[in-house]
Amino acid sequence: MKKRGYGIANMWYGIGNTANPNPSGAFVDFLDDGTAIVLTGCADIGQGSSTVLAQIAAETLGICVEDVVIVSADTEVTPDAGASSASRQTYVSGNAVRLAAENVRNQVIAIAAELLNIPTETVSLSQGEIWNSDKSSGMSIKEIINKCRSKGILTLGHGSYNPVTTELDPETGQGIPYATYAFATQVSEIEVDTETGIVEVKQIVAAHDVGTAINPQNVEGQIEGGCAMGIGYALLEEVILKDGEIQNPGMSTYLIPTALDVPEIHTIIIEESEISGPYGAKGVGEPALVPTAAAIANAVADALGIRMYELPLTPEKIIAAIKNRKEVEAI
Amino acid sequence: MAQFHLEMKVNGKPIALDIDPGLRLLDVLRDILHLTGTKEGCGEGECGACSVILDDELVDSCLILAPQAHGRGVITIEGLALNGELDPYQQAFLEVGAVQCGYCTPGMILAARVLLNHNPKPSKQDIAKAISGNLCRCTGYAKIVQGIEIAASLKETKAGVSRA
Amino acid sequence: MPEYNIIGKSVQRIDGPRKVSGEAQYAADLDIPGALCLKVLRSKVAHALLQGIDTREALKVPGVVGIFTHVDIPGINSYGIIVKDQPALTNRVRFKGDAIALVAAEDEASANKALRLIKVSLQDLSPIYDIREAMREDAPAIHETGNILSVYKVKKGDVESAFKQADVVIPGSYTTQRVEHCYIETEAGVAYMDNDMLVIKAGTQNPHYDRRDVARVLGLAMNKLRIIQTTTGGGFGGKLDISVQCFLGLAALKLGRPVKIAYDRQESFVATGKRHPFFIDYITAANREGKLLAVKVRIVGDTGAYASYGPATLLRAAVHATGPYEVPNVDIEAFCVYTNNPFSGAMRGFGTPQMAFACESQLDLVAQAVNISPLEIRRRNIFQKGSLTATQQKLDVSVGIGKTLEAAWEKALQVMPGLGDENK
Amino acid sequence: MPDLSEYYQPQSLTTALELLAKSGGKLRPLAGGTDIVPAMSKGELKADGLVDLSKLPDIQRISVDGNEVKIGSLTTFTQIETSPLIRAKASLLAEAAAAVGSPQIRNLGTIGGNIANASPAADTVTALVTLDAKARLDSLKGSRRVLVSELLCGAGKTNIHPQEIITEINFKIPPPGSKTGFIKLGRRKALAIARMNLAIIFNVKEERISFARVGLGAVGPNPRRYVVLENSLLGQTPSEVLIEKFAIEAECEVTRVLGSRPSAVYKCEAVKGIARDLLTKLFLDSGQGVV
């Protein structure tokens, strides 16, 4: 018999290393033709950090994203940006790039204010132009950088950022382990076959507070991918050991979800702006996965009326649990 | 060991090579022809990263020996873009954000191409089935499926452009 | 909300065009003419002292250019992001898969042939696979520091008296499994000398850390070592550790020739970190309105043969153990423990998916006990602006859990018709 | 890389058979390669040489001869899955072929290879034994036809001689009006090895089941027919009660076969689930799978 169940799970996730320094640095070189090079140690492993950092630099410098080149993760030319882990790169390296870009921007603004003879406070950079309050000055950023060059000023910026945390007391753990947290709620709908023990995830709703979503499509991609990995964690995946030896060291024996195993995922982005984040951003990489298995386990418990205490929720365990309850009830 | 004289068409170009017959099609593509867009992920036909099109059908190039492709036509990811212009499948993947780490992407795009050749108006379920032999660990597949849906509509509007 | 030009826009990935065209070069795609092929001899036993390695027969294989063991390490033979406990090439085996020798050959077949001819003599030590056994005081130590690598505590209030005052006290014991990252790209890289600079190109999540530890192992000044991240086919925490980097650096440095290595899927499974299996004992206390009063949590994480990111994983698990909920009294202890299993390290979530499973299961059990819905118990306990966490951190800004909870529920009611029926 | 000392790609069956006969067991026939190639690359399987059958003419055809269907042994799973003829005459076999691996594997893997591989969980083999299919084996000495069920003699074992090649699979079309179906229980929805699979053929005359075949795979060493289960259907009227009865019979059979094996607890229960799903589909969907 097929039974349906619903489960809900929340999560929180501290952005950056726990109660440990994890600084990131960046350099920005704003060039005479109005393009920019960003040097960052941040490794893009597929999550899209280079794109996000390019967006942050472009926004800050007032140019379009196509005019930014990211040079990343090369120890000879890029500064240390720490690891692409702990969901920290948008927040930490994003801040480093923002600060480096602001550094250059301020130089450009100072020269522009001088040339236009207006106060620096009213000058801004946007769409490749110099703006005076909400009006274009008619002068392009390129012209200003050329002016800088002719005066012998290089428009180079550097920035670094380290999240504000404290050490934790070794006995009580009291302190500030993270500068900011991402939050999420996921709701899953599942169907479980009480004879085959197969659990089918029918839908997942995933609402994630990521701070400002610098690139919403990337955020959605992280959430969808996290949910898929969470489904694997909940139902399929287990490295099986026998006397310390992996019994399933291959993709035909260690099973991850296929396109047919991942249901529709309804993503909702909540943007609870983080004042210390670059343009209000926090992070999403890990949070995407964290509550998924919990929500599925709660849905299975809802469907069966049996709580499972061991991941993954394999058909064998589910059948054993159902049998076990029948035996208990029979006594 | 006797060499095998292999003749096949790769991305439309005739190729003739004397090879060790124990080489897989994947090895010939990557190591001899330097077509490294075809990836090896598992070596046992599970992940689909090594997918190529063999005479209009999608196959895992790690599962067949190169001589088995003798006399046949192979299309790899490098054979899709024409004069540097991306084809509709590649364009659609970019538009919807179907690419993250990108390692499964060539295989996925080739799977999409085969699907749309056989079935120009696939349902979501048809698409999921067609890419069920291509594992992706990053995206959760949603944007890949969406990309293929868009490629289908792009192909329809640019029917003449399609080089399929 | 300020108006931005580019922030908040779904601009296309800057690395996208090269990835869809097949031009993106991942580590295994790099073609360096004349590069030697590297292969690693890995232990088939879990715990042993190395007594000798005889490479004479292996070195006679035509095409074999060099074989290296622990004696060939020029620097300090240990690395690790938190604890430097993992040797590049070991003289004491701690898990089935530990690296013992490195072969460099002109081609893969010769390298594989040489691997089979290396004779290793080992003195077996008794292996410990069970974490509870590893924690016993009389258990043989896998590392000199003992098997309990770290203990983290988060404590506030008075849990025992809260348990006495509570209307419901619910215990639960949870177990989670060992998980593989299974990025589709396995570990690979190349290395070569560029004048006196050693250059290593590899898929990695942290090139600057790689530089630090590879320089340490090879005895190089950090400015004589350049690590370049190649396009990386996923990481999820699994490419934070050193994998191929020391092997590449050692061989290129010793032989002065370009070298290349690529793990096949099996080696990727055997040789790299996993998600920690956790054993969690969780006790939750609440009043009859479903307000949480206390949690007591004991977490034991199997970090296997080497620390990798184990301490960070257990620390994060301890800090996040309450979930995003106000709990006035907490008593949390987390233990990171060595065994002779494959090592566990960082994986997406760093110990928090395990904790979410336990914590959120507990919450549903409490809701059931006090007869309120899973939604309601969460509404009553989630963090608000101004809430104090278990570590007494005051959450002042950007506390979005209330919004995610309501938004998720509202959407779920729309798309999951069955949900409304039972929660009315 | 597979270490091969000899590789042949004959253009005719006679040449292929001569090569096998001469080699004295050293050469192995290569069909789709989906099992052999990765096993050889990983060093799990050694072969001195291969006789690649892919260029042989006429062994990739599906045809009807009277009331018999003939399938060339190198026919791929995709060809079987999409064959209008198989879908019309033996839909269970099309369904079984569709359940194999992934599109890529179905495009390469062949029905002959699936038999020769003799996996306990082979999807098409469960359908074939249920159809009482025979395999034609050719060698220089002549040819013989053997029931697929008799060709298999244990997990990974067959009675195929080293000089023989499976060239054709044939079976009688189930009686007109028969319903047929196949169901697979896997850990995931694609790329799964069957935990169990079940194939059923039956025919109803005057409201009673007059003909029944039931095959189960991944229970014993090879898929086979289960006469006890067939008998439990014969003479009965399709109904929910019958589905229930059949599910319980299936549980008993699997329990009897598996005994105290570790997988027994799960499979005995799970077989009820797949039995119920498949029979419900066949009893209720009036058009489904009718031959």
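We just call them A, B, C and D in the order they show up, numbering each chain from 1.
Throughout what follows, contacts are C-beta pairs under 8 Å (C-beta built on N, C-alpha and C of every residue); 3 or more make two chains touch, one makes a residue touch a chain.
Note that this is a predicted model, so its numbers are computed, not measured.
Interface comparison, B-D versus A-D: the higher count of C-beta contacts falls to B-D.
Chain C has the Cα centre that lies closest to the mean of all protein Cα atoms in view. Between the Cα centres of subunit A and subunit B there is a gap of 30 Å. Taking the mean of the C-alpha atoms as each chain's centre, subunit A and subunit D sit 47 Å apart. Chain centres here are Cα means. That of subunit A falls 18 Å from that of subunit C.
Residue positions 41-47, 97, 100-103, 129, 132-138 of subunit B each touch two or more of the other chains. Of all residues in subunit A, those that touch two or more other chains are 45-46, 48, 217-218, 226, 229, 250-252, 256, 258-260. The set of subunit C residues touching two or more other chains comprises 10, 12-13, 15, 182, 232-234, 236, 265-266. Interface of subunit C with subunit A (complex): residues 1, 4-15, 46, 81, 95-97, 127, 129, 152-156, 172-180, 182, 197, 203-211, 225-229, 232-237, 239-240, 265-266, 269-270, 274, 309, 312, 315-316, 318-320, 323-325, 332, 339-342, 346, 348-350, 352-353, 356-357, 359-361, 364-365, 374-375, 378, 382-383, 390-393, 395, 397-401, 403-405, 407-409, 411-412, 415-416, 418-419, 422-423.
Residues of subunit C touching subunit B in their complex: 10, 12-13, 15-17, 19-26, 28-29, 31, 181-186, 231-234, 236, 264-265.
Across the complex, subunit A meets subunit C through its residues 4, 6-14, 17-20, 41, 43-46, 48, 50-51, 54-56, 58-59, 62, 64-65, 70, 72-76, 80-86, 126-127, 168, 170-178, 180-187, 189, 202-203, 205-209, 211-218, 226, 229-230, 233, 237-239, 241, 243-246, 248-251, 254, 256, 266, 268, 270, 272-275, 277, 279, 282, 285-286, 289-295, 297-298, 301-302, 307, 309-312.
Residue ranges on subunit B touching subunit C, taken from their complex, read 30, 34-44, 47, 49, 76-78, 80-81, 86, 90, 93-95, 97, 99-106, 109, 135-138. By the touch criterion given at the top, residues 1-7, 9, 30, 32-34, 37-38, 40-42, 50, 52, 54-55, 78, 101-105, 107-108, 189-191 of subunit D touch subunit B in their complex.
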